[in-house]
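Just passing along the structure, written as structure tokens.
Naming follows writing order (A, B, C and D), and every chain is counted from residue 1.
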Amino acid sequence: MTLRIIATGGTFDKHYNELHGTLGFAASHLPAAIARARITTPVELEVLPLLDSLDMGDPDRQRVLASCQAAPEAAIVIVHGTDTMQDTAAVLGPAVQGKTIVFTGAMIPYAIDNSDAFFNLGFACGVAQVLPHGVYVAMNGRIFAWDNVQKNRAAGVFQPM
Amino acid sequence: MTLRIIATGGTFDKHYNELHGTLGFAASHLPAAIARARITTPVELEVLPLLDSLDMGDPDRQRVLASCQAAPEAAIVIVHGTDTMQDTAAVLGPAVQGKTIVFTGAMIPYAIDNSDAFFNLGFACGVAQVLPHGVYVAMNGRIFAWDNVQKNRAAGVFQPM
Amino acid sequence: MTLRIIATGGTFDKHYNELHGTLGFAASHLPAAIARARITTPVELEVLPLLDSLDMGDPDRQRVLASCQAAPEAAIVIVHGTDTMQDTAAVLGPAVQGKTIVFTGAMIPYAIDNSDAFFNLGFACGVAQVLPHGVYVAMNGRIFAWDNVQKNRAAGVFQPM
Amino acid sequence: MTLRIIATGGTFDKHYNELHGTLGFAASHLPAAIARARITTPVELEVLPLLDSLDMGDPDRQRVLASCQAAPEAAIVIVHGTDTMQDTAAVLGPAVQGKTIVFTGAMIPYAIDNSDAFFNLGFACGVAQVLPHGVYVAMNGRIFAWDNVQKNRAAGVFQPM
């Protein structure tokens, strides 16, 4: 089994820009994270434009969909911002067949202390290999169907609707 | 679904003892790792005596088996040293029914730079919720059946027999 | 010799707020950093309101001055934002006698990968014990007199005027 | 002022060898640590054979002495194991004139959580630029003369004799 990992940005992949004192995007952390995970499953990493998911519009979600449809792999992990993860999942849910697609992200960037990013990546890479075909969100150590998930922003956790 | 995580030691949980300059065991890192993962799935953590898996004998493996048999949860992650992980898995494989048990560990301790531990924990916590009942080893981003896995010590990776 | 460390905020002490996805201030990292440094020199930590130094006004700088004047210790480290560090140093420079005051900060927050914060804290804690009385800025492994230092914002380094 | 940093090994520079599960030496962490510190003071890094200081013999200490005597810089930081740091300092103390030499090290390796290494490096790089000529040990946020320092192994701290 080959695993495709699609990077779309989000908190997971934010970098601290030391000249401007801001969090933004630079090169994705995913190549380093994948190497660190010592994954021997073949992995294809596809880096789409890295965006804060609040800045994603429908064309951005369509681009994610197009990548999934074009992918030869049946197991796909999408690293995505948490704020609109369920919106992109809702675009993919009805449109993709024959593949297991798992969205994940992070509450704290990969490069910041106490980040959940690396756990979430592992979790998603695991369940993407095992779940039946479909589109899922994997956060907080739980698996959600794409049409029954929401982010509780006050609590900072994902939960069923 | 409730998840049981059983800590048995191994590289994952080694601490640096600054007075002796050696790696050994102290309090498990798992409570901190679980909190950091922001898991909202209910988790029961069971900390068995923390051992280097090269120091585990049959009574130690029987203790792991007894914990699994006594556990009310059907999904169990066992954090274990990599050197004899497959040996303990081989004790559990024929003996446990009706549960999904996933062994994992780490090549680099949780507290050391570039550790794979947190990814592996996420991976195992994910697949333990999805795999059919049985006993598995999850390392290197792959899932192995308990009776078809070995550690390639020269390469530092797990592979089928 | 007792050392006083005065926390005023700045990049050094910024935290990632996972609910808002922003960098801001929470409890200072300095108690943890001081413990991690295993300092046996007696240390008095004084935490002033934690501010981005771009948000500091003259009353804020006067508060730092007042703390230095009230301090019984002759060796003081001030952790401060880099953007106006030299401005606060310029308030203290002509006003404080009989003490060695060393400003430091960080280009990357203490809690973010690849941070210079802990090195800078060590550097400042060292030279504050040795330099003649006066007010200094210590950044980039260099010591600057308070009246001959500027931040080169394009390069992200401190240099003489 | 140019600063020379001489790496001799010790806890500071130990790496985890994931194939053998042991701590030992590989490439020094110092190039990465120096880059991370954003030092603009010119730095010459000299990497001697990296040794556990318990394995150092008199020829090893003589090699450190020779490096210091050959160095054109007047400010030298020596990264050294803590167990015999004072012994090497005692070789250099009577033998070197016209230079400020500061020994430092770490109780926890640079690459392990909660390490003091980066603080100690900063501390030593600071005081090496300011202290009068002589040979010193800088640990625990304190400066010790070479002939009045000992490691309290039970407490894991340096103190005067």
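Quick notes on this structure:
Everything that follows uses one rule, which is that a contact is a pair of C-beta atoms (placed from the backbone, for glycine too) under 8 Å apart; a residue touches a chain by one contact, two chains touch by 3 or more.
Chain-to-protein mapping (UniProt): A, B, C, D = L-asparaginase.
Predicted, not measured: the structure shown is a model, and the values here were computed from it.
Common neighbours of chain B and chain C (chains touching each): A, D.
If you take chain A and chain B together, no chain is in touch with both. Using CA-based centroids throughout, the chain positioned farthest away from chain C is B. One finds 38 Å separating the Cα centroids of chain B and chain D.
Chain A and chain D have centres, each the mean of its CA atoms, that are 44 Å apart.
Centroid to centroid, with C-alpha atoms defining each point, chain C and chain D lie 25 Å apart. Within chain C, contacts with two or more other chains are made by residues 107, 114, 156. Those residues of chain C whose C-beta lies close enough to touch chain A in the complex are 11, 16, 18-19, 21-23, 83, 107-109, 111-114, 153-154, 156.
Across the complex, chain A is touched by residues 3, 33, 36-41, 43, 107, 114-116, 118-127, 129-131, 138, 140-143, 156-159 of chain B.
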